[in-house]
């Protein structure tokens, strides 16, 4: 099944985008990147810490995975814009996963600041992939602002609650499709079936971190997620059977032997 | 020369360039960015940019993140 | 991940068991068997119909897939036993998927007749794989009767409603594990995420027909199901993250740049 | 000779064995089973088993099924 | 809304049947019986214990509530029949809530023993109200055996998980309606909305104990359950609006003021 | 249970707020107002239409129900403010149900315009009850803007899909409680159990229209909703039992008779 | 005198006040509001306010709404 | 006289009837049932039924139950 995710004109060989947060070691990140088969992974920008062992960017570069810096930790549009500019210098990419959260407890996006930041970054030439809530109206506004994708949450970051409101995701997908903007389900994935379900709803990709990096066996869970995203995409394209209230036999009702 | 590097008072040789500072700390410039006295310094300017006494320098790198 | 499904001492190279009912042609069955990678598929026993084009059993044999005859259409233990005996002569196997349904509308198993049939067939030397409802007590009784597996439904045959009562499936899995009897989720699967979910609940395999044979693109859906079963199994073994009420950051909260 | 085959009156040559009947109808015996007058006839008995006039024969094969 | 629950020809003034188990004191039982407005409550039969303060049956009699003895704790048809016969002598009623459970951990009914016991008790002239699982086939068998009601579980006793499989309850209701046998949702209710939902599915009544007797404020929860059963019944009769995928305005779209 | 809903210092004798839209006649509105026992109902502001039979406001006044004008149909903050000002002159109330929707298809609120309008109306002395989506961050912003209540949707207007994301409603309730601002579940209620569930989540009230006015028997459904809101509130205050994975007996396990 | 009332050309007696217009159309003022040439006229001003020829008047009332 | 009452050895006056035993223990018969040596004794037989030495008596009452 040759069927690729394309963002801002760039084709990616996998529909699974990996977050690198939460992994216990660089070794685990390396295993996870390999097992997931991802072509794009996120990083955060922080002060250099001499204590950190190994270079994350070296691990990512060695695997040939494209890097997507985020603006995690930013609370205002201004902070997010500065962080994106830093990332552009650091990683020589104008792609950015835009996060502007309202508080530490829910880590939910602040719709007003997020929209402001998106408009400023698009104007500054960035390829903006905003992490948003599952409000179809906000997703539309972001799309109209020139974002390269919309990345609604399934449920709050790190909760593993899956997709709380599939109806909203379907509304977002329908509208993004009209605009030709890919939808990436970002945040809330807990296990493989959640990722498959996201793809079955018509999402173009899935972004996850904790579900893999904090699993008991991260590399194996990365393998699971890769298979799940593939499964969900194939099922979406294959056209599932309708749900029926009543049973339908899968064996002939005629021609029983008579004794 | 004395600067503030990532919030900590730090001794630095005179005439140190940003590129020199970064390579000294990181062993390379890949994944690094710098803010001097509140402004992001473009990568292209690092070779010429000489850090001055008392400046506030933030040395930023890519770390694990969601 | 070398990890095989074993039923009655026979190791199967896939945890996906395919039903062959509902396919529009032998050609589609052949494509589905290949795309699914299955090692075991079900057939029904019916009067020979000269009108039928091609031989199902030839298609199955060519693919090297083991055949599992069913007793579909039987309403009593006596009918089911006779049908199993016919199948044994026809296919030279003592494996049987035991179905004893109560009515055509729900196609739900009749617990009393099912249990009688299971005991009679075990006594007659059959390797019995009973299609049962999701009652943990009936599953236990079948297990105690010497069945080689228990095959609870997720929802009624052909409905595509997925797994209506995951709690019951977990209870069945827990008890079957103690007895060393595999659990195959049989009936109700609608799409890939349902199959992945079944495996995440701890099922040892999934049996489905309509979800693939009646999909708009059967071969592609078969591929999806194969990937989903693999994904769900891997996720089960990898140990998912716990569900959390509150968010948990996947990027560091320390070390933000100050401007 | 006249028998009932799968519910339909059918002419059959005398001395037809079950194996002959099955191969004639199916081109082989793989996947086939037979009930004669209500009893399953074991595969091993097919070569010797001669169908008798008036018998009720059910010829069963494997078909698509869930 | 004059609309009464009738069981075996007896009209009851409330559709809420109270279990008395789990209450911390006779005083609480008395408050709960009053607040619930129930007309029928269950009791268990046990060896007289001199240590018990107060007489349960006196409390029930004073409230003018009809008593429904159960066979809780019985594992076989024989035990259940003997316990029902004891109850008949003790309480001078031939009504019995038939419970035959398979094990202490799940407290799920044993379908085979339950059906045997139902047939024996009906033959012995009892008015049998069987506690059953949510299998529509077993419910049908019980109905056909001459039971005066069928009482499927929503989820296992005392779990408060609500109605795990509404689809099964709807199938049971549809078939019981044809037979003129009332359906009482028994076990699993956790809170008021669960009880309302049971009635909206078409159940004729709700039986619950722990949800009230083990609540933090039992009498207030009893009041809640009475209101919920009334609400659910009224909603069922009132005919709810259909679920719609898309929004529908509840204010006029015409006639806006122009400025 | 004396326990009243108080908004902006005004105590209301019912926690059920009725929308008047969708009713087939003034007669039905009158019956619904009576049966619901509501103390507050919404109206829209539109051009006078000589064709309309009877005066809505007379019906409402006769029932002694307080009126809450809405800004339905407005797409921008400016429109909403003007409409609120019109309503203030017409109905001599500074209370307003603030609606600023983004499009006709979803009728979902536009977060940016909604927040602007709320701030402008609060500054102009209005008592603002905003209809919002279920985003806890937007609800917080509205609360901080001085709104007298927050009114999140359960699901889109008129869909009857109930509460799609209970987790979000719980987050909104928790934060509003800190601020002493009541939460009214507005939009999406389909039947009685939805209303009870909203109250069990801790909402202070429920606002609904279509679920009653478009039901097959509006007055009976109004009665159902009144009972459901009461039931849900009582259950919330009574403290429900925890959900348990495993069963818990409600009859003694000791003291069985021995035969 | 000719005005536009709720978008429709309408004949009106001279010296008609807003309160007169409203009562004429609605039989009372409860639940009514008026916009004249784009501005909301406060209820308190209705008795004095005389509608002038050519003015655009919106007469608004409370109707069923969610 | 010595019987086993609900599993415990118990002294009983001679000629005690079941009705006497029940009323002595419960203060009444409402809600009570009795099993003697494994058989349920009908309520109607209690007045005449005299408990005999060594008998196994189960005295059952209605208790709280779901």
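Which chain is which? They are A, B, C, D, E, F, G and H, in the order written, and residues in each are numbered from 1.
Here is the rule we use: a residue touches a chain if its C-beta (ideal position, glycine included) is under 8 Å from a C-beta of that chain, and two chains touch if they have at least 3 such contacts.
Since we're looking at a predicted model, the values are computed, not measured.
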item: Contact-richer chain pair [E-G vs A-F]; value: A-F
item: Mean-CA-position distance for chain F and chain C (Å); value: 46
item: Between chain B and chain G, centroid-to-centroid distance (C-alpha), Å; value: 71
item: Centre-to-centre distance between chain D and chain B (centres being mean Cα positions), rounded to whole Å; value: 90
item: Computed distance of Cα centres, chain D from chain A, in Å; value: 61
item: Overlap residues in chain B, where contacts from two or more other chains coincide; value: 7, 35, 58, 60, 63-66
item: Where chain C touches two or more other chains at once, by residue number; value: 19, 21-22, 44-47, 49, 70, 72, 82, 86, 106, 108, 157-158, 161, 167, 209-210, 245, 249-252, 255, 257, 259
item: Set of all touching chain pairs, with the criterion as stated earlier; value: A-B, A-C, A-D, A-F, B-C, C-D, C-E, E-F, E-G, E-H, F-G, F-H
item: Chain B contact footprint on chain A (complex, rising order); value: 19-23, 29, 42-50, 52, 55-58, 61, 67, 69-70, 72, 82, 85-87, 89-92, 157, 187, 209-210
item: Residues of chain F touching chain H in the complex; value: 249-252, 255, 257-259
item: Chain A-facing residues of chain B, complex; value: 6-7, 25-26, 30-35, 40-43, 58-66
item: Touching residues (chain side chain E, partner chain C) in the complex; value: 102-103, 106, 108-112, 115, 133, 135-138, 140-141, 155, 161, 164-165, 167-168, 171
item: Residues of chain E touching chain F in the complex; value: 1, 19, 21-22, 44-47, 49, 70, 72-73, 82-83, 86, 104-108, 156-161, 190-197, 200, 209-211, 213-218, 220-221, 223-228, 230-235, 237-257, 259
